[in-house]
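Shared between the two complexes below is chain A, which pairs with chain B and chain C, respectively.
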Partner chain A sequence: MRKKKKKDNLTAFIFLSPSLLGFVVFMVYPFVYSIFISFRDWNMFKGMKDGASPFVGLSNYIETIQNEYFRTGLIHNFSIFIIAVPLLLILSLVVAVVLNSSIFARGAFRTVYFLPYVTTVTASAMVFAAIFHPEFGPINSLLRGFGVRDLPGWLGSSKWALPTIGIYWIWKNLGYCVLIYLSGLQGVDKTYYEAASIDGASAFQKFKTITFPLVSPTTFFLLITMGVFSLSIMAEVQVMTNGGPGKSTYTMALAIYKQAFVDFDMGTASSMAVIFFVIILGITIVQWSGQKKWVNY
Partner chain B sequence: MLKNNKIGKIIRTLILACGGIVMIMPVLWMVSASFKYENQVFRFPIEWIPKTPTIKNYLRALTEFPFATWYFNTARNTILIVCSTLLVSSMAGYAFAKVNFKYKNFIFMAYISALMIPNEVRIIPQFILYRNIGLINTFWSVVLPWMLFTAFSIFFMRQAFMGVPDELCEAAKIDGCNAFGIYAKICLPMIKNTAVSLTILSFTWGWNDYLGPKIYLSDVKQQVLSVGIASFRSQFTNDYAMQMAGASLALIPVVVVYLVGQKYFIEGITAGAVKG
Partner chain C sequence: MKKIMGRVLPAILVATMTMSMLSGCGSTTKNVNTNGSDESFSGTCVVYLMGSRHNEAVYQALDALKALDKYADVTFQINDDADETLNEKVPTYVAAGQQIDIVYNNNPLFQQSYVDGGVLLPLDEYVEKYKIDMEKQYGKYAKYAYNNGQVYGIPGAATVWGLYYNKQIFDNAGVDYPDDKIPMTWDEYSELSKKLTSGSGPDKIYGALHLTWPMYWYGQAIMALGGGEKFYKEDGTSNIQDPIFATALERTYNMMNVDKSIRTNADIATTGVEGTAFLDGHYGMMFSGTWVLNWLADKESYPRDFEVGIAPLPVDAGTTQKEWGVCGTFSLTQTAVDPELSFNVMVDLVRETTKRTSTEIYADQTVSSDLLFKETVEKISEFDKQITVDQVRSIFLNPDMIFVTEKVAGKNPSDYQTVITEETDLYFAKEQDLKTTIDNIEKRGNKVIE
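Moving on to the complex of A and B:
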């Protein structure tokens, strides 16, 4: 028996060895090393050689907190989190409920709604930048056609640029959330609806008292994953505005990228990244502990 | 009552169709604009099918930019990522699902918590590591992290292997099959659908990968489509027809793969999420 156990250990080790290598080299090591660098005035060229990167205590963290790009990015990420993510979830639940009801051409609709999710961010973001062109773009041409006088400046104005990126982000991720909701809805027992119909419940009542509570685990899952995912918005910003006009579309991820690979200040960039991680960890913990109040498993 | 149902069905379909038009409009507009002359691009009302179509944008994009190289690099990276993801994560998933070993739960939890470590935390040390060992500007810097460890794929594979009945494995063992035989001959054929789903999912990860190539590759000859295309916007600031031609060239392959394999794609996405 003991021999069998040993053999199992060896088998498992062989099966796990490639992923263990990847886990250590590309997850654990960079994670720990990031924390290490974040406490040093990191010299890009010499690294730890000749004491070129001295320990500086918390000064990178203080610099991070004072860094206006990172701070603005944090606020922008926060507003995306509390506006774009709920909007995305509401829209996708509505689409999923309608898709799940009796309709024509269900398969075709599913294909269409999901299509944006597979597009390359840089390419589809470029398309959005053209469509939302403040002067000639089809969106503003359409609005002009409706007689709107005060046309939004979209990516060209500091007021509208972030909402435009939010619109793009919702467009791109809607199909994914719809799919997840659809599979959540498939698990809802049809007899609940039949019973409610007999009692004379309206469609909205059914949604409020049956659908919404029963898909709450799905909502919870999407809130965490899309919430965390929204924090790493960067590629679309780089293509559409590169953070501008001014600082109006900076995100945390973009601030980290620029601090590290434009200003080559790896120490401060690492402390930004560590704070970024702590925020993700915090959100996950808060959401997990808050779930008991409104999720029905 | 029956008639009422039918009207409701039509109304619901129409509502979805309106949303669907919004969803697909940008893609259609892109394709349409890519065949236009610059002065026609923003004409309103939109000419969806250009009256005087042109392929000059495509010709110019293909001749002035190393598209062939970008396609080749992107395809090679994607193939490496897909094949390796399938192999590495199916091996790990098999171990977690079918082998009893020491520290199994601990290792599994560690793997899963890696889902919480964002890319942003890893890129700087990875960059330093790559520079020290001379991997900057090679495609290995981009593909290696994907090839060796994606927590999602491992979890996904584990779930699939859990569904293979233990009796089958036991029977094979009694017949003298070793663990590798059970993995390759008994279990792998039974999770074929999951493998196809993961193939398509990892195809889109590989094809759309942006952050790694952007940071680790500066040589234009090593570059991939997603980053190469982004340069179109700064190169052709006011030439939107060119931008749309470039975007179309980047999107066509991934859209085709999606349309062909969408059944597996959808299965993969939903199975991966719900069982979590």
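Moving on to the complex of A and C:
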């Protein structure tokens, strides 16, 4: 019996080994190496050869804390995390509930919602920039039509650029979240709703007491993944504003990228990446420990 | 026997493959003389053309090099990708150990970043060995070879700017064309831009097209002060409090937000407008470099339905022509397999391109460049009959004109320019006043200069 268990374990490891190897080579090793680099004045062309990358203790971490772009990026990422993620989840749950009901052209709507998610960031960001063009864009034309005088400058304004990127990010990820919610909703047994109807529950009461608690594992999954995505947002920013106007749309990932590949300062960039990882890990642990109170499995 | 062969054969195969790989990646130098006269090389030379790829003469020069006995045993691998982000990718390739012998830096700020980041190799050893007198060979462009007191580049293409204008828009506005010999002042330029502006909405005609490049405002200031070096005071700190910077900023702000004769910075940035937009017929003028001549000559790739005129760049004051520009350089990277071979290629490539170039000035002063602007302008004049070779040469090659360095030229120029751009973005977007902008540039600029 024991021998069979050993054999089963071995078989399992053999089957797992390709992905385990990939995980170790492409995730664990770079991560550990990045921690190593973060304590050195790293010369990306010579590495450790001829003492080209001396140990500098915590100075890269001190530089990271003092780095204005990283600090600004941290604030911006938190703003997106706190505002955009809940908005995205609420909106996608609402859309998913509607698409889960028997409405006309349900399949077509599902495809339409999912399209932005599979469109390249560059293409969709350019379209978004045109839609939100302060002078000629349809959004401001509409607002002008409603008599709004002080029109937003959207991506061209330091006050509006980050909210515009937030709107874009919600629009782009909505389809994915809707899809995940739909799969969650389809797992909810219809008899609960039938029983609630017999008891005279309203649509809102059904949503509050049946739908929301039963899709809470899905909500939790999306909260974790979208939380991580919102903290690592970069491509959208790079295409739409490259961190500007001024520093108004800098994010942590963009700051890391520029430190590494524009300033070629790999030591500080690695320390930024380590701090970035710790922040994400911290937030995820908090979310994980809090889930016991509201997630129903 | 079979067993032995089974072990020996793979070993021989692996050894052969390893040797052939090593000999393929490396190179050997034969018959090297200190005067560099009749030496020859072998091996592979990988050239990343990057910003120099627009010039057909570079390709002709490379063909000429291949025909030389000196390079008969050299294999040239030319990368002429149109990837605009190659400047950021090349250091990563080099760090990964990929053989890249020669790169082209078309921007001194990139060159300084590459030097500070350790991407490039110093060339002093080879300059000395081959007895190259930088000042004699590259004249006024020699200064672009130096970073931190060492030679890091062989000067290549020099940019010179001029004023291009849409004759149709001038005609419609009933305004005289700019003089092709006496430059207008910046005040006259902004006034003219206002006169040329008409209409509204997507069909609006703007007096001029300004890109987001900071040169479009600070060029006016450094022209008056004497070049990008004047972003710094004598003691090396920021000189941004010089009133000329405020004047230049304010003039551009007024064109953008008061006269509305140029599109706003934010508008240009978010819609990704590039210089070729001038050819869509919505802009009266655009000051830009000689690369525009390529667009004007190639009507198939850059169609337009109006005639273009060319005039000298506006000046701060007086009637003497003033110009700004920079000179790109060819450099060796850390993964250059045979630096001596690559050094020779760079020097010869610049010399041979100088002989053949028609669209942009090349830096070698020891050979004549009789073809300069000839072929290109002849093509342009098929459509724009009033543009002549003599006219273009008098605008871009006037020996009496004052030439200043275009970019921020001093300590940590890249970060300093980033600070300048970030602060002026806010000023142009009406989110920060002029005084705060200047004060912030000084404060943050001094921090990065330190």
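Definition applied: the second predicted complex is superposed on the first by the 274 of 297 C-alpha atoms of A that agree within 3 Å, B and C clash if a C-alpha of one lies under 4 Å from a C-alpha of the other, contacts with A are read in each partner's own complex, and residues count from 1 in each chain.
Keep this in mind: contacts are C-beta pairs under 8 Å (C-beta built on N, C-alpha and C of every residue); 3 or more make two chains touch, one makes a residue touch a chain.
The model shown is predicted, which means the values in this text are computed figures rather than measured ones.
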item	value
Room on chain A for both chain B and chain C (clash or fit)	clash
Contacts of A:K247 with chain B and chain C, given as first, second, both or neither	second
Touching partner for A:F55 - first (chain B), second (chain C), both, neither	neither
Touching partner for A:F261 - first (chain B), second (chain C), both, neither	both
Partner chain in contact with A:A130 - chain B first, chain C second, else both or neither	both
Chain B versus chain C as contact partner of A:W288, first or second or both or neither	neither
First, second, both or neither for A:R110, with chain B first and chain C second	first
Which of chain B and chain C A:K46 touches, first, second, both or neither	second
Residue contacts on chain A - larger count, chain B or chain C	B
Which superposed partner A:N9 touches (first chain B, second chain C, both, neither)	first
Partner chain(s) touched by A:K159 [first = chain B, second = chain C, both, neither]	second
Residue range of chain B overlapping chain C upon superposition on chain A, of 22-30, 76-84, 130-138 or 148-156	130-138
Shared contact residues on chain A - chain B and chain C	126, 129-130, 133, 136, 261
Of all residues in chain C, those that touch chain A in their complex	88, 91-92, 94-95, 113, 116-119, 201-202, 264-267, 269-272, 334, 414-415, 421-423, 425-426, 429, 431
List of chain A residues in touch with chain C within their complex	43-46, 126, 129-130, 132-136, 153-159, 240-241, 244-247, 261-265
Contact footprint of chain A on chain B as seen in their complex	5, 8-10, 12-13, 15-17, 19-20, 22-24, 26-27, 29-30, 33, 41-42, 44, 46, 87-89, 91-92, 94-95, 99-102, 104, 107, 110-111, 114, 116-129, 132, 144-145, 147-149, 154, 179, 183, 204, 207-208, 210-211, 214-215, 225-227, 229-230, 232-233, 240, 243-244, 246-248, 250-251, 254-255, 257-259, 262, 265-266, 269-270, 273-274, 276
Residues of chain A defined as touching chain B within the complex	5, 8-9, 11-13, 15-16, 18-23, 25-27, 29-31, 33-34, 37, 47, 95, 98-99, 101-105, 109-116, 118-124, 126-131, 133, 136-138, 141-142, 145, 171, 174-176, 179-180, 182-184, 218, 221, 225, 228, 231-232, 234-235, 238-239, 252-253, 256-257, 260-261, 266, 269-270, 273-274, 276-277, 280-281, 284
